[in-house]
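See the structures that follow.
The following pair of complexes shares a single chain, chain A, combined with chain B in the former and chain C in the latter.
Entry: the complex of A and B
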């Protein structure tokens, strides 16, 4: 029996919305627009840290890993580190091995690295020519400063030489001719290799004084296994997350010494908090505007439906019953507008993300019930004052014959 | 035991300096058919509002089905109206977004429990079963008024109260509605109708004439009641 009442209630509420659809388009639109902006901004709000984190990764590595003491970092440790950070959080992870070499009897430093990872870590490097790669290890990049000193241009060749790992350099002997000394240098404890300039690196920083080559080629050249002096990581994380990650690394891989690049993480956090505050502010403003819009629509709707309300009261409806019907319509409007808004909001957030950050975002299923619930609350809250006007409608006055 | 369904004792309604009703005394027996006539401003609507529990008198008492409704508050009046009164309006006042049957069910919903089959029966009684799923805008004026009558009757009220129920109808539909009243009266329904139309007023069992808030004439038409109805039917 109670079902009959509920069914009739639903018939009245839905009938009012469906058969008076043209009159309610504005209300639904207002709610849908509000819900679109709300769900869109909430999506962006929660996506900003990741998107912005990725953007900030363009400014270089934010986590530097050093070996503890005089040891070096092995490939096995590198692999453990990679697993600990998580591939999904890593933009790039480039190990560096520094080696002193001679070019034209002058000392320079060559940095062996994973060039592909280094490129991911340092997209801001300006490269004349192109990045080297492991398939052509003899083609390397020189810093701008070195290129100027040695007068090197793209595709020029130069020879590096040095002492193999674990060997000692020996001074040229005065009693030997230059040719004999060169022969000695070419002996087992020394290495030399002809390299080609594939790219010239300009950063405005210390990198301009290095030669960058493939780390495996360097290892082979110096006759040693993988041993990195430092690992530069670009991790998607804010300052707090980096701190946590650093602690985990220290705890789980004690032979490593992580250092967060505070300059970057702090800037990221400041920009992020300001952006999130802005998004929050806009969301609140939108919610207020939606409430005002729903309020005015409901006020107009109740004024327009005075006769119907008076009739219901004349038929014996108590005020609370008529109010519950109108609030029921508000709830239904909230559901329809909210549901529309969720999907339009995602599209809105997607477009914003694609245009601003150049990346797509994921649809958050939880946003569906949350947005709908928020808009039911907003619609009901905005309807309460207009709906209370039902109490002022007197059937005898409104239904007076003409 | 008295079968009085309605009693107005020295009822007055005063708006500022205007006396819309002045010391009205009236009693209506269960099963009566009463017409209230009079020129505009004579107090007809005020009287029907008081009888229909939509207004209260300034002085005097109104006994409806044994209950003095003159001192009741708005909430009690709503309940009494819901239980004892069936209202018919000149402008029909159907809910535009509900079908004919739903409009009848609305009265059930506010009264007790909606029952579609009962609502259909009520519509069948007024000859509108086949129009049950139509919206008011798809019905003629006469059909709308018949839906209004079905709605007024659905909760078996003590009194069927009509405020100019034929005022917006053409002659043909007026005839249909009056015929419906006749049938309801024969079934024992108490009918009180305010009307401007002498022809409608004349077919009632009893007619009172109001002027300046006072009953100036109370005519028992029992003798001509049947004849008037026959003439009306023709």
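Entry: the complex of A and C
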């Protein structure tokens, strides 16, 4: 008996939907549009901090790590640090070793680094020519300032000279002849190497006065193992996260001294929170308006069915039965439209993310039940008021067409 | 007769027409708000990004960066070329002067403090001036260092503030200096005593320096009226190909290109104009700030455009959907008209005029509601009004017209295919 009633109920609900196919399309469309906007915007909203946070990394390194005291940073410390910060949080991590060298007997500073990582750290550098790489270590990049002073163009060569690590430079003595002086320069405690300009770096800052080369090449040249003077890290984190990260680094790797770059972390917090507030407010406004318009559409569609409802009542249906049938329809519409909308919305959010940030987006599984539930509530709520009105009206009057 | 029929429908079918009008109001207000926000967001975000500090520095054309690199303060190769303090205010007189938000001249100096050398930074901490144009000006380094964490108070423009200094946190802790202490600085036989008004934390190399009034450093260094560089924070348009070409060499542009470039707020164009007013100055974009600003701006604007498009499509579909639904609903009434001998085109005209009139009314209300929404967003997020773009009226009007038409067409076609008897019979 109960089974039969349920089957009849299902037939009435689905039958009424199928019979009125054109209106069904309109209703599902309305709900699906609403659900697309809801799930699309919510997905974007949840992904914004992460995605925009990455964009803010274009301002460069936000965590500078110095050795404590006179110690230097070894490769082993570097990999421990990398594990501690975590690869997925790290945009770039470039160790730097600074060495004074002579070009044409004038002092300059050459910075040895992991060029690939430095490129990730500093996307704002303008490079005339191209970035150097570790497979051609003798092709280096010079700062714009140095290139101007030494009158260097792309593919020009220059020679650097210097004293090897741990050796003392011999002062040139007055009693030596020029030849002897030259010999002294090429002695075993000194090094010299011919380098080619592969790129010229412009930044508008101090970087323009450095020569950048591969750190391994520099180590080999000065006859020392890997030792960095400083590590520049670009980490996806806000000021508070960087703070905790810094204290963790200090605790677990005591020979390091992390310093967050206040200028970047503070400013990022200010701007990012504004942008997030903007997207939140926009999302809320759009959602409220969309919900209301889905609601009005549904109300209009159900009000239209007064005649049918009245007929059912005239045939002896109880108010409760009519009500439950309409609510059942609402639930079904909510499920169909909501499910359709979730996937369209995700597709939309994905397109936005790919177009704006060039990255895929994470699908929020929780959005499926939430979206469907929201739209079931909206359709049901939209049904209640017009149906209630019908309940109060006498079937005869409605059927007569007044 | 026609007019009477329309008016009658509008009055009699009040609730249905109100429903359409309401949806139109919602849809139009949403599109209006989003479009205004979208068009205004670039400017607003650009201003927010000013917290990163200066995006242009102006130096003497012969000044080298070498002193920055080696920490040398005297001797060969060290900067002995200076800009003139009197030129600094001229920055506001350039073509894009209005886009220059903040600027501050800086004179780097050094002095002996407790038997060791310390670096001094002389600047305008705060500057209030009235320009030749009558425009009031409030600027200074304070606005360019928003990230500083200050214990005590910022230096200010007043005369009583002379002889006050701010001291970097690293230097302060090394020497155990607190706010309110006095310090004595000596350079070239000149000794002066200063009061420490604040300790600041920069998180960078300023932490080991002392920040002072420009005039004090000029006096200690015997460099009256001189500054080493000027920091400028300007609102700029993100670079494109033209700007990049111009940045290489403005002379490579054709006259038309040059005019476009000069009259657009590209960072290179602003630098070019700054060089025209600052004697011997070379203005260079600070790429870390200028370039990244462009990236963030472009991304935010693009994001807003896409959200606007989505919500506009959404509201357009919703409006057109509702119109279809409500016209179909009236099939009985229209069927009766048909049975009474009305032509199809007459019915179509009737329906269209009704819907259009309703849509127009809703659109006008919706536009103003939308402006309200835009201002709420502007006030809440950025604390300032969003400029109303006139263009939006036209765009929204055209979209609304097309949407109403598109919403009516399927309904009208449906009505035309109707057989009066069937409809009236109630099938």
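General remarks:
Keep this in mind: the second predicted complex is superposed on the first by the 366 of 402 C-alpha atoms of A that agree within 3 Å, B and C clash if a C-alpha of one lies under 4 Å from a C-alpha of the other, contacts with A are read in each partner's own complex, and residues count from 1 in each chain.
Just so it is clear, a residue touches a chain if its C-beta (ideal position, glycine included) is under 8 Å from a C-beta of that chain, and two chains touch if they have at least 3 such contacts.
Note that the structure is a prediction, hence the values are computed from the model and not measured.
With both structures placed on the common chain, the touch criterion links A:12 to chain B but leaves chain C unconnected.
Of the two partner chains placed by the overlay, neither chain B nor chain C lies in contact with A:254.
Judged by the touch definition given at the top, the superposed model places A:4 against chain B, while chain C stays out of reach. Of the two partner chains placed by superposition, A:69 touches none, neither chain B nor chain C.
Between chain B and chain C, C contacts the larger number of chain A residues.
Of the two partner chains, neither chain B nor chain C is touched by A:166.
Looking at the shared chain after the overlay, A:314 reaches chain B, while chain C stays out of its contact range. In the superposition on chain A, A:396 contacts chain B only, with no contact to chain C. Chain A residues 307, 401 lie at the interface with chain B in one structure and with chain C in the other. Within the complex formed with chain A, the chain C residues making contact are 16, 19, 22-23, 26-27, 29-30, 33-34, 37, 41, 45, 48-49, 51-53, 57, 64-66, 68-70, 146-149, 201-204, 284-292, 295-296, 299-300, 302-304, 306-307, 310-311, 314-315, 317-319, 321-322, 324-326, 328-329, 332, 373, 376-377, 380-382, 414, 426. Partner chain B is touched in their complex by these residues of chain A: 1, 4-5, 7-9, 11-12, 15-16, 18-20, 307-308, 311-318, 321, 394-396, 399-402.
Every residue of chain A that touches chain C in the complex is listed here, in rising order: 22-23, 26, 29-30, 33-34, 36-37, 40-41, 44, 48, 52, 55-56, 58-60, 107, 109, 122-126, 145, 149, 202-206, 208-210, 259-267, 270-271, 274-275, 277-279, 281-282, 285-286, 289-290, 292-294, 296-297, 299-301, 304, 307, 348, 351-352, 355-357, 401. The touching residues of chain B, when paired with chain A in their complex, are 45, 49, 52, 54-55, 75, 78-79, 81-83, 87, 89-91, 93, 95-98, 102, 105-111, 113-115, 135, 151, 163-164, 167, 194.
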